[in-house]
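The same subunit A turns up in both complexes below, where it pairs with subunit B and then with subunit C.
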Partner chain A sequence: MRDKSRVEVIIFAAIVILLAAIPCVNRDPYLLHILCLIGINIILAASLNAILNIGELNLAQTALMGVGAYASTLLVMRVGVSFWVALPIACMVTAAVSLLLSILTLRFRGAYFLLFTFLFAELVRMLLSNFCIGIFGGIPGLTNVPKPRIDLGGVLQLTFNSKLEFYYLVLVLTALTVLVLRRIDRSRTGRILEAIRQSDSLVESIGISTLKYKVIGVAVGGAFAGVAGSLYAHFVGIITPSDFSVHSVLQPVAYVVVGGMGSVFGPVVGTTFLMVLSHFFLRELGFYELLVYGIIIVLTIRFMPQGLISGPRLVASWIAERRKSLNVVRNDEAT
Partner chain B sequence: MKLLEVNNITKRFGGILAVNGLDFHLEEGEILGLIGPNGAGKTTMFNMITGALSPTQGEIRFRGHRITRLKTNRIARLGAVRTFQLTNLFSEMTVLENVILGTHHKSGIGFWRSLALTRRTRDRETRDREQAGKILDFMDLSAQSEMLAGNLPHGQQRRLEVSIALAADPQLLLLDEPLQGMNQDEVSDMLSRIKKIRSSGKSILLVEHNMKAVTNICDRVVVLDFGRKLAEGPPHTVMQATAVIEAYLGTEE
Partner chain C sequence: MEWSLLAQGGLNGVMLGVNYALIALGLTLIFGILGIVNFTHGEMYMLGGYVAYYFLGHFGLNFFATLVLAAIIVGLLGCILEILVFRPLTARPNIELTSLIAALGLAWVFQMLAVIVFGELDKNVPSAFSGILRMGGVVITVERLATILIGLCMVVLLNLFLLKTKTGMAIRALAQDKEAAALQGVSVDRISALAFGIGCGLAATSGALVAPIFGVNPSMGGEVILKAFLVVILGGMGSITGAMLGGLVLGFVESFGCLFFRVPTVMVLTFIIIILILIIKPRGLLGHA
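Showing the complex of A and B:
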């Protein structure tokens, strides 16, 4: 068990170092742009997974991302604080909003929870489009969101104007997100969330408040959705309410399902796989792009219901199975 | 001392009176059987004590606290822990992990503490692990501790369920038909374990269909029929009462 987790950490560190080295080889802005988007989507998909772990699907996850994006943007543009202050505040604001959402909705389960989060997502979109247009910018949203800047007088001055600098920022935050969520997964809290998915009546019977831990799950997910939102806003530079509508939650859901639910690495693998596929390979197909994309998702779910992350395990058990049947044949021949 | 008091409890589902003005109590250190034919209101009563249902009328006291409107997890933390009629386990976790979760509410590991990579967190986790190990020893499941709970044979799964409940360190253990689906050997094994749990200082409320088992281990029984108390007292006396025989077997024409 301990060895396995050490291997995981080593592989993870190796991948981060490799990714950090990419710009030394290739500084193509398109490549870096897509890698940044992949990073932001990994954070979003991983945050969605936190709540999927207790067996509920939060359709408001991208709406929460929108809350983070708007909070961060408004803090920078209207209040005038720096990005480095706005990011953690946006993260906390989103966590607080999702806390509120979860206290109101987690009494419901399954389809009812789904419907309430659906309504919440629509509510956020309508609020942002139609109310306080002077502040939120209405349907056209907010444009020219400033890039982050580090200004330490004479010591260091860094503007994250180019894709290269932003790439490192996204890389660091994505790695941090994965590490923190993995820690939560491995902790007692993670075990309890998993236990709630398996049998919430039993969790309740041994003196643990399932409501409390579900609220924690949603709030943790919300906090990281806020981080993704803040990064997205400052990276793309334009945010509109429709970026965060209910439809947009289907992308991260696909990432999580294809990658594999349950572990943090599932969303990472799924997001990378599907986004690399659609941005680097399927582009050539033009008209047929979405068709092929859909077929690939369906095939993955059909043949790997536990997600891509179960691939190595499937291969291993397939080999073991084959070996066993070969042995049987051999024994038959021997007798 | 009275550990559990049920005072004039009524539960109505629409037009049906599932439990009708029921009174009984459980002494500390006692094994009390709650029996009756199908539909007598046993499970309804059990669910009201454990907080799964709230009564239409009346009150339930546990260790002097009014628990009538409390949630299940609060009641469990007060010291009344239940098991389930149908097998209820964290089937994709190991046996040890199942029992460790049982110890959680006493561990002092909250959300932030669980994330901290400190010695204190590790110490508390180790303590829970040791505690869980002791319970598995007590229930003779140590050999299976690394197996997935879902892969155990039925008899051991039922033993594991009781182990999880014991891990939560209850004063009162509420067992909902713990012998269901067991063969003869498993039944007598479970009965001797229930006795052993009682001698370790815990009180037990037992809802059970198996009459032989009930007469064998209960100190007192409460017999329900149509939501009312039909009889109460030591099992042998109660079983001979004509009202009870009639409720179970019907009257002779």
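Showing the complex of A and C:
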């Protein structure tokens, strides 16, 4: 067990170092742009997965990301604080909104939970596009979101204007997200969450309050959605309410499902696979791209419900099965 | 506030309500029987609209025949979807979640296919009825009145089918207890596919019914699914009477709300009312635990 987790850490570190070295080889802005988007989407997919860990699908996950994006942008543009202060505040605001939502939704399970979050997502979109237009900017949203800056007087002055600087920022935050979520997954809390996903009445029967752990799951999911939102706003520079509508939650759902629900690395694998596929291989397909996406989701859930991450295990068990049946045949021939 | 304005608001409310109830009926039927939150429902509604566009508009088929045809074509599609996609999921744990994700993916596929096959633009469907009725200060087009009446007829027919026929009773038995129904000789596979088909067919019929009023486009399903979910949550998932009641409540709230407030305010108010109802009655107005 310990060996396996050490191998995981080594592979993870190697991948991060490799990714950090990419700009030394190739500084193509398009490549870096897509890599940044992949990182932001990994954080979003991981946050969705954190709530899937308690067995519920939160359709308001992109709406929560929107809350983070607007909170961060408004803090920087209207209040005038720096990005480095706005990011953690946006993260906390989103976690708080997510907790508020959980007060309303954790009474429900299954279909009611997700329909309620569906309503919440639409409510957020309508509030952002139709009310307080002076602050939220209405349907056109907010433009010219300032880039983060580091200003240490004479020592260092750096504005994150180019894709390169942003690339490292996203890389660090994505790696941190994955590490934190892996830490939670390995802890007692993570094991209880896993048990709740399988059967929450069983967990309650041995005297553990599931509500407390569900609230933790929701808060963690909300916090990381806020990080993704804040990064997205300052990276893209334009945010509109429709970016965070309930329809846009389809993409992160696809990432998580294709990668593998419930595991920490599933969303990472799924996001990378689908985004690389769509941005580097399916660029010419136009409408057909989304069609391919939809078909991939349906086929995955139908034939590979544990996602891509279960691929190696499936292959291994298939080989073992083959070997066993071959042995049986051989034994039969021997007797 | 004049009397006629209130009466007009009430009439519009009934029309909207019947429309919403029709769309929500199929959704609540499928959830009640199969436990599937069918996100493709809006797309079935859209496909029904396109059946009307081609058969009513291009081939000049009779309006009522078009409604039946929409139900049959899309109903068959629903049966095929249930057999190929949803049935294999029922054997696995967490069917609600996996079937929902599969339905989300399918909704995407159908919407994109519609864009590719039918084109992105709005299309008009010729009206089957013409003329305007005036009663005092209240004005209604014959078309809208006909829509209300046909919608009500469909609701009555569906209820008769579910309450009186043997197949209808088998469907209700399946909704109550799958294993007990199977023990009584109900073929679970056949009835599940049938129920899914009927649900999809209902969506398609309502799409075809209102196509002459609102026109058709590939994204019309996405707009309507939100309303259908509101109605179903409000009435209680799986409850058919609840869907009708929820549809009427939503129709009246929107129709009267628009007399007093801006449209976005009405939408937000509707949401807040529904959230309050759910806090008091978490299973909706007529839902069962």
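Brief remarks on what is shown
In the analysis below, the second predicted complex is superposed on the first by the 323 of 335 C-alpha atoms of A that agree within 3 Å, B and C clash if a C-alpha of one lies under 4 Å from a C-alpha of the other, contacts with A are read in each partner's own complex, and residues count from 1 in each chain.
As a convention for this text, contacts are C-beta pairs under 8 Å (C-beta built on N, C-alpha and C of every residue); 3 or more make two chains touch, one makes a residue touch a chain.
Treat the numbers as computed from the prediction; the structure is a model and nothing was measured.
By the document's definition of touching, of the two partners only subunit B reaches A:Ile192; subunit C does not.
In the superposition on chain A, A:Glu165 contacts neither subunit B nor subunit C. Once the two complexes are laid over each other on the shared chain, residue contacts for A:Ser205 go to subunit B alone; subunit C is not touched.
In the superposed model, A:Ile216 makes contact with subunit B only, not with subunit C. Once the two complexes are overlaid on the shared chain, A:Arg183 sits against subunit B while remaining clear of subunit C. The partner of subunit A that touches more of its residues, comparing subunit B with subunit C, is C.
Residues of subunit A touching subunit B in their complex: 183-184, 187-189, 191-192, 194-195, 198-199, 201-210, 216. Remark: subunit B residues 50, 71-73, 76-77, 81-84, 88-93, 97, 100-102, 104-105, 107, 109, 111, 114-115, 117, 125, 164-165, 167-168 touch subunit A in the complex. Within the complex formed with subunit A, the subunit C residues making contact are 31, 35, 37, 85, 88-89, 92, 94, 96-98, 100-102, 104-109, 112-113, 115-116, 222, 226, 229-230, 232-233, 237, 262, 264-265, 267-268, 271, 274-275, 278-279, 282-283.
Contact residues of subunit A toward subunit C in the complex are 52, 55-57, 104, 107-108, 110-112, 114-116, 118-119, 122-123, 126-127, 129-131, 246-247, 250, 253-254, 257, 287-288, 290-291, 293-298, 301-302, 305.
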